[in-house]
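Next come the structures, one after another.
In what follows, chain A forms one complex with chain B and a second complex with chain C.
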Partner chain A sequence: MQIGKLPWAILAPAIIFVLIGVFAPLLMTHDTAHQDYGALLQGPSLSHWLGTDYLGRDMWSRIIGGARTSLVAMVFVLAAALFMGVVIGSLAGYIGGATELVLISAIDIMLALPSLIIALALIGVFSGENFAWISDYWKMILALTVAWWANYARMSRAVVVSELQQPYIEAARVMGASHLWIFTRHILPHVLGLVVVYASADAGALVLAIATLSFLGLGVAPPTPEWGQMLVDGMSYIEEYPSLVIIPGFALTLVVVSFNLMGEAFALQKVPRAVRGNFLRKRKAERAGEEIARASVEAHP
Partner chain B sequence: MFKLDRRHFLASTASVAFLSALPNFTFATGSKTLRVAIGAETGNLDLLQNVSTLSSYTVVFDSLIQYGQGGALEPGLATTWKVADDGKSISFDLREGVTFSDGTGWDADAAEWNLKRWMGVVDFSWIGISAAYDSIVKDAPNKITIKLKQAVPVALLELTIVRPVRMLSPKAVGADGKQTAPIGTGPWIVEKYSSTETVLVRNDKYWGEKPAFSRMELKVVPDELARANALRAGELDVIGGDWVAPLSPRRAKALAADGMMVVAEPGTATTILGFSPKSAVMQDKAVRQAIFTGIDRAAVATVLFEGYADPTIDIFPTTVPTAGARKPVPVRDVAAAQAALTAGGWSGGGSGWTKNGKALEIDFLISEESFPGSRRIAEIIQGMLTEVGLKVNISSVDNATMHERRPAFKYDLTFFATYGAPYDPHGSLGASFETAADTGPDGKIYIADALDALIAKALETGGDARADAMQKVYDWLYDNVAACPLVVTKRLWAVNPKVKGFSLPATDYDLPFKGISLG
Partner chain C sequence: MTRMFLRRAVLAVLLMLAATALTFALVTAAPGNVAALIAERAAGAGADGAMIKRISHELGLDDPLPVRYFHWLGKTASGDFGTSLRTGKLMTAEFAERIPVTATLLTGGGALAFFMSLGLGLWGAVSNGGIVDRILHGVALVGASTPNFFVAAMLVIIFAVGLRWVPSFGVSGPASWVLPWLTIALFPASVLSRVIRVNLQDAMSRPFATTGFAKGLSRRDVLLREALPNIAIPFITTFGAQFTLMIIGAIVVERVFGLNGIGAFFIEAIRFRDFVGMQAVLTLFVIFFVSVNLLVDLIAMLADPRLRRLRRA
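Right after this comes the complex of A and B.
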């Protein structure tokens, strides 16, 4: 993949989101939890670039802080779900037999239920006293991970099963390569190549799921800023101060759409494209040159 | 194939315009209908089952005594009553000439039949007069006497609550004794009910002042913003009431700005921050004192309740009887809060506190499902306590988890509210502060052996000594910093200006209709 050929217009918003998340502490102008009852529900100003919320907290800083909250949660969930999905799916595909039947059944059961419903149920379970030592934030990450891995597992298994049919795998076996060698050197790169592309598109859905859980009051605990929570807080003020809803809503929409487009762009990069435009003209010219050269050789053997 | 020419287009447009105007025509011809929003469907209004919403009983069923404005006891189906000197019997003169809406007569037989459905029944032992019930004597066709095993000072007040004390037609039950229809003597008759609305028609045989309009539609609108917009659009006439269709202060302010009439009057229920009596951290009085002192109640009332709340440190507001002497609301004092912690053996400051090497952290249990808006109140309190140096972790849980953890005291801090009129102060004191009372998932605000004794004494004391006995309870709660009252929210209703003569019902369990006329 050449860097110059990447769809930068599509990648830029997602990359900006990641950069904002990483450098959030440098970008925030105020403490996100600081309440100022003398500056409630103010409009944009030099001291508060996006205004303040109902507790006088700086909206700009909370939006930036919210990006970091979503980014960290998203990265953890994606990494953990990818790991779980790839391991379980690959094991199912590689070992086969009864193991595959059991694992694929578990995958199917997980896929039969909407991920968000599973996450909600798990958060309900984690609300019990036995899990009191885990913070709400990590409960959410854990619940989403458990709810999210099945798709990656199914894809991983499909790739493994497909690759195992290839002659080069047979050749590696004949040459005495171990299972671990075959899996890590020959199969895993193919699995990751597909699953990571899918995950990049899934990132947007995850940010949305994190916001949804917070919107329902089951995600990030106050005073940590989170876009879904900012949305639900702003709902009470939507008639007089719609910016409290519009600003986090816009940020959320931008990130979700850009990750979706990015995932789609990555996926399209893997699909052979029809030859057209300049490339087609260039190929035609090259072909014509080859024909002339061949004709010349045939004419003067 | 259908072809849309200009003639067809114009005809279709005119038809659509006519159809869309139909609701307005209906409104115009049916102007004697009051449309009131309710947050949830009314249910079948069974008087003995805890399944229907509380807001609609009072317009269909009457009680012997009614709870009037300010807690005054007013005649209902009994015109007069007399409590014996020893408090062990109460005689009632029943109103004559009254019939249930199915034509059944109201007399001593009907009264006895109704009272015996719940008095002395274990399920209703949470009502003092039921627990103390001995017998009923019919003195005359329109006179009964309730005999009690011991005096119940709040017996008359208990006869004003929403259910099960109200009177049902003896013919409105099946062979198994279960209620089959909501037939009462009240000003309204249930014409039909569904999951989306309940339609009431005026009971023209009603014994009291009849409503000025003939029909009342209770529209189920669960979402508050949808209720507000329906009021603006003229699709609803009245919204509000904590137990009917709650109206938030912010929304009330917006509606007032849009020309709707907003009625706000002092409330009868107190929002209280409860300290778990079983939590190791909260058993430390110094921590409780620091929290009590470190909260700016005036800011909570202003910032989150838009001024539609009164800051308080008293358990009950003056709008309920025997609420006790008023204590001035202290100004928030961070230094005093920190001094309390230091005096309690904690060391540290604004960045945190420790004792015996253990950091002070507080688990603040909240549930938006159980108490809408609680997260925002918790956030403002968290901010205030952070300045004291208290690390407060807000745990936001669902309703089921809240109902599991609250009765087991598995929290450090959580929100409670008193019941309000007509249940207080005896209702909240007996249920939320007495160890033995079974309040199920609601939990207790605070319990202690010493407090149990004081409450038992207060609840069994009648007459002039009652106020002093109640005051001892309030003083104990205050001296021991057993609870942290925050605000008393105002009773809020919003009314379409075309509705004339609106006045707040006596309690937020009642629907408004008295005095209302429709323009």
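Right after this comes the complex of A and C.
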């Protein structure tokens, strides 16, 4: 992979979000939980760059802290869902037979319901006393993971099934390669290539889901700063201080737009595995050429 | 056609059974001692072991899980969804009160999304790569990325707080539905307008479009008469998927605008550990999702004869 040839313009916003999340402690000017009753609901100033909220907490620091919260939760869920999806999907595809049928049915049932509804239902289930030992934060992570794996499993299975039909797999088998060797050396790279790219584009939907759960009061609990929860807190002050709602909402929208932009770019490639700039640029040039040719034909029928 | 549709219907019923069995197993097995919860709500701290045992026996909570599922299934099929642990009212009464609210929300929002996406998609296609097309592309991207609670908040700030055109909270006349409908429709309209735009572009490069041009039709005529009918199938299927996703929008919107619908009830049920309420709403959701998908299949089959042919697997 040539670093210089990545589509930087499209990746940049998402990378900036990740960097803000990683270096959040350096960027924060105040403690996110520090309440200053001498400075409630202030406008922007030199000491509070984005003003303060109804408890006198610094908005700038809370927005930055919220980026970190979203990023950490998202990475946990994506990693866990990817692992679960790839393992289940690969097992289904590689073993086949009755195992495949059972696993596919499970995947289909999960996919028949919207992920967020599954996550909500699971958070409801986890609210029972049997689960009192898990904190709300981890309940959310767990619920989202279980709601999110099915799509990755479906994709993994499809890749495994199509790769298994390739002649080189047969050749490897003839040469006496074990199942584990064939899977890890020949099939897994293909699976990961597709699923990881898809997951990175899916990150926007996940950030949105985390914020929505927190907005509904079922995700990240205060005092941890989180954009959805900041927004719902601000709703009570919407008439006099709309900035309490607009700032976190804007931050959230920006992040989701960045990830969706990336996802759209990948979808346009049709070959999601190749993020290689050269190839990408060539494809784009070709497409633009086709587009112009078609437009000129359509303009002069 | 009938046989094909019946096959889909049987599959849909199987899916419903599997999904409800799964939710039943999770929701009833997981919460720990529901009987203790009920006894505590009924008698406060005075709930003793004997009372818990009696309630547990009365509710059949000491039976094995499959027995309890079929018992529950029988009751649900005859229209008995149980009594909400939170409000103490029959779930059927709660449904009767709340379904109209959510249904109004979904119908209005769905209709808005339908016409908005059709209009914007066509407008983009007419512009074809021009400035309007590019602006609409950007708008669709932002529309599909903005969280619906933020959309709701912005609409409230602009139209209710700023301009004072419509009320910001609760139901008082038809005007109060405008903001909820707009909020819930923005996401599906954005996604659908792109689907229409991309599929129209594809259809315009097909031979039948060229034939249209050869016959001397204008670009607008080819677009409306030849291309548009051909994108009906992808449009209908995506619309169905987006319509089911609008349930999530409804949950959020009902909370923001203080509407007493199913979504708001569901969130309250989760917060107050009302497992009976949760199970009833989830069942309702499963029925909704599966029947919308079935309906979409049926419409697609009616629209496209190719989908009616029975493929032997």
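One rule holds for everything that comes next: the second predicted complex is superposed on the first by the 264 of 301 C-alpha atoms of A that agree within 3 Å, B and C clash if a C-alpha of one lies under 4 Å from a C-alpha of the other, contacts with A are read in each partner's own complex, and residues count from 1 in each chain.
Methods note: contacts are C-beta pairs under 8 Å (C-beta built on N, C-alpha and C of every residue); 3 or more make two chains touch, one makes a residue touch a chain.
None of these values were measured; they are calculated from a predicted model.
If you put the two complexes together on chain A, you find that chain B and chain C bump into each other. Contacts of A:Glu239 after superposition: both chain B and chain C are touched.
In the superposition on chain A, contact is made by A:Leu55 with chain B only, not with chain C. By the document's definition of touching, both partners, chain B and chain C, reach A:Gly124. Contacts of A:Gly193 after superposition on the shared chain: neither chain B nor chain C is touched. Contacts of A:Thr253 after superposition: chain C is touched, whereas chain B is not reached.
In the superposition on chain A, contact is made by A:Gly217 with both chain B and chain C. Comparing chain C and chain B on the residues of chain A they touch gives the larger count to C.
With both structures placed on the common chain, the touch criterion links A:Pro114 to chain C but leaves chain B unconnected.
When both complexes are aligned on chain A, the segment of chain B among 58-66, 112-120, 220-228 or 292-300 whose C-alpha atoms clash with chain C is 220-228. Applying the stated touch rule to the two superposed structures, the overlap between the chain B and chain C interfaces on chain A comprises residues 124, 127-129, 217-218, 235, 238-239. The part of chain A that touches chain B in the complex is made up of residues 33-35, 37, 40, 54-55, 124, 127-129, 132, 135-136, 217-218, 221-223, 233, 235-240.
Listed in rising order, the residues of chain C touching chain A in the complex are 15, 18-19, 22-23, 26-27, 30-33, 128-129, 141-142, 144-150, 153-154, 156-157, 161, 168, 204-205, 213-214, 219, 244-245, 247-248, 251-252, 255-256, 266-267, 269-271, 273, 275, 278, 282, 285-286, 289-290, 293. If you check the complex, the residues on chain B that touch chain A are 225, 248, 250-251, 254, 299, 302-304, 363, 367-369, 373, 375-376, 378-380, 382-383, 386, 393-398, 400-401, 404-405, 410. Of all the residues in chain A, the ones that touch chain C in their complex are 105, 108-109, 112-114, 116-117, 120-131, 204, 208, 211-212, 215-218, 228, 231-232, 235, 238-239, 242, 245-246, 249-250, 252-253, 256-257, 260-261, 264, 291, 294-295, 298, 301.
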